[in-house]
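The structures come next, written out as structure tokens.
Next come two complexes built around chain A: one with chain B, the other with chain C.
Moving on to the complex of A and B:
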């Protein structure tokens, strides 16, 4: 059990490319931290630096009270689960799990006890004598997790462990990982590009973009108060709608180029150029035609429990998503009237992209 | 799939003719090796067995006089086996280790060194045979197994094959092994070697046959006929056919030829099963 601290951690590659620009993070004991971001944002690099597979070129990483910058991966007391499982194909699943312990000089009895225990937790008892290729993807990933569990490390590292699984299995395994992590209470870092996975798993979410941690917080905090346009657009599916506008002179409305006004509840100076962010579920459909926003239906996707409507707001925005509960029938080019609630709107500065 | 009878017959006819064409020389050698030398001398090559199988083969295997030297075919077979195995095992081990160094260790000269090794393909033994002989003789290794094998076991082809194979092994395996506390040697022995079994078998087959069939180098190296390999032995027996005004020992030369072909054939047959098994059960 241990905390994990990153202090101004930087990564500059030999060719001069700077992948990480000083990351500061404090991950508490037993916490599950999720690094999420688009590909190339540096999240995997950061994880591999914690693991010791990449060198740290600036700042430091601490596990517990120890600075691990110069410590070899095997001696950092961490265990990692890889995206493609990285199981040794010629060894049985038992040997795969036991290999790390064997190299560390544990006794046979101790190894056996630990492997059997991990196998029981992961329901792998019947598969221990088989080889990885005889297992399904989900089972292989369990073996990979078993290999991590038997080590009883201070920190678990997960590198997109579910990306190779099909959708149904991914949901099951997600729950399983969450359960397992809570049961073992081991500090964990989990990397994913899937924001649903990130939202559901994280005790603490770190949204990364371009080598910078854009926002750190609980998933709900980040969903409700995204700090930047990037975070707002990345977290939430379908993603937030952005409408460029300007704060009206009375400071209580946002005005758009076609004269439409939306009521605001923000402390903001008049005349400022802003981007108004509206989540798809925060529009209200006005059946009586009384509302500030008029839009044309472009396309409808019925998902059963909810309906996604793609709208054309004319010159304000041509691609706006509306999410409605239940099923709805709309004709193409049908006119809809929508309204919004002031305190559900997000305002961002148009220049800096920062939340207002 | 539907195939007409005519087509099946044609296909088989072609295959049978082809096989017969390939096997015929071996068959003639085998059949001719079972006659007396007088009979063969009078009647030419034979298509069917005579009654002197045991007599001819026994003489060749156990009687030094039959091979016109101080060494029997059995001893020559042993020499060839040492050369073939030493050659094949040496090549596999050396090229695996060279490829391991080139692929997994980032030292500055890795790439140029690889190309230097690769360029040695342009310098087969025949090109460097005089300097090689000079080196071996000044090391005092003439007429030794070491001298016979050592100059031949560096293998650019093997290194290249293993390099390509190692590069296809996912990096995560190395990383997982590092996290599991395996050092470079452990990773090589515990992970890489078992993964390479099919490659090893393939290269072993090829190299064993090449080593077994070495002619020029052993001929140059060995002045002591205790070290003659069977391939050289055939040549010796054949040479002695024209000496001393006796009736040539054709049956014994044929017998020696047949015996020289058996071990490589066995190796190919045995290892090919493993080879195909490895190919079918792809480990990924």
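Moving on to the complex of A and C:
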């Protein structure tokens, strides 16, 4: 059990490429922190630096009270679950789990007890004598988790552990990981590019982009108050709609180039260039045709529980997504009238992309 | 109705015909000749011959010089195979770890592959030339009384040195590609599980290289058995007193220099038999212990 602190952690590669620009992060004991971001944002690099697989070129990483910058990976008391499982193909699943303990000098009895306990938790009892290649993808990932659990480390590191699994299994394993982490209460860092995975798993979400932590907070905080345009567009599926506009002189409306006005509830100066962010689920369909926004239906996707409608707002925005509960029938090019609620709108500065 | 076809086109047979001809003329016919000749006793000029059943075999198997050569061949082959595998594995592991200038290291280590065995033999015999050979002079100046012209062990050392050196580059290439075939995440997982790099090598890397090692063992034993002919012929010619003559070299010496075709043929038949046994043994017993 330990906290994990990153202080101005930087990574510059030998060719001069700066992958991480000073990351500051405090992860509390027992917390599950999720690093999420598009590929190339530095999230995996950061995880590998915590593990000791990449050198730290600036700042420090602390596990508990120890600075681990110069400590060998095997001595950091962390365990990692890899994307492609990284099981030792020539060993049985039992030996795979026992390997780390054996090298740390645990007694045979202790190793056996720990492996059997982990196997019971992960329902692997019947597969211990087999080789990894005789198992399915989900079972292999369980063995990889078992290998991490038996070590009883201070920190678990997960590097996109579910991305090699099929969709159904991914949802099951996601729940299983969450359960397991809560049950063991081990501080964990989880890397993913899948924002649904990130939202569902995280106690704390770290949205990364271009080597910078754009926002750190609880999933709901980030969903409700995204700090930047990037975070707003990345978190939430389908993504938030962005409409460029200007704050009207009365400061209580946003005006768009075609004269449409939306009521605002923000403290913002008049005449400022802004981008208005509206989540697809925050439009209200006005059946009586009485509302500020007029749009044409371009395409409809019916998912059963909800319907996604792709709309054309004309010059304001040609590709706007609307999410409605239940099933709806719309004709192509049908005119819809929509309204919004002032406190559900997000305002971003058009130049800096920062939340207003 | 399906028609049973008898009139196949002859074209496919034409395509394989050259290969079949080559096998017939250069492999099966000489092999048959060897078996036939092994039952004959011929005079030195090949003018008359007599069918003697297994007398050639009895003579060969009961002769001291053949037994000596057989022992030398086995010891020589295992030493050459072991050393060239061990050294090249070491080099490949080290070259794989290098990040800067890796390409030039690898290219340099592969160069030896391009050298033909007789050329390697020639290089070796020049290095050990008693009048001007650098290694000969070096070893003697270091206090070893090195004389491969008269001392059988010293001569064996020379042949083994050349044979191993020649084979390292081939093994190196295979080991390097074998090492690169090990998923990076597996080695990384091992770094988290085991602190000692040496232990990691023996418990993870080496077992994962087992298929490569097994394959190379077969290749290297065959190499030491047969392909070192060129090296021996150019460097020691089996001297002193046949101590560095492998079975293959002895076949050549007895048949083509000694003109005893019957004995030479009998030896090569025995050799064929030994190689078949060796191959069966390797694939039956050793391959089972290899983890794929």
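What we mean here is this: the second predicted complex is superposed on the first by the 356 of 356 C-alpha atoms of A that agree within 3 Å, B and C clash if a C-alpha of one lies under 4 Å from a C-alpha of the other, contacts with A are read in each partner's own complex, and residues count from 1 in each chain.
Operating definition for what follows: a contact is a pair of C-beta atoms (placed from the backbone, for glycine too) under 8 Å apart; a residue touches a chain by one contact, two chains touch by 3 or more.
This is a predicted model, so every value here is computed, not measured.
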After aligning the two structures on chain A, examine chain B and chain C and state clash or fit.
clash
Does chain B (first) or chain C (second) touch A:51, or do both, or does neither?
both
Taking the superposition as given, does A:100 touch the first partner, chain B, the second, chain C, both, or neither?
both
Quick check on the superposed pair: does A:308 touch chain B, chain C, both, or neither? Answer first, second, both or neither.
neither
Between chain B and chain C, whom does A:73 touch in the aligned arrangement: first, second, both, or neither?
both
Quick check on the output: what are the common chain A residues between the chain B footprint and the chain C footprint?
51-53, 72-74, 78-80, 82-84, 86-90, 99-100, 103, 147
For chain B, which residues count as touching chain A in their complex?
170, 172-173, 175-182, 186, 190-191, 194-195, 197, 283-284
Under the definition above, what is the set of chain A residues touching chain C in their complex?
51-53, 72-75, 78-80, 82-90, 99-100, 103, 147
For chain C, which residues count as touching chain A in their complex?
183, 185-186, 188-196, 199, 203-204, 207-208, 210, 291
Footprint of chain B on chain A - complex, ascending:
51-53, 72-74, 78-80, 82-84, 86-91, 99-100, 103-104, 133, 147
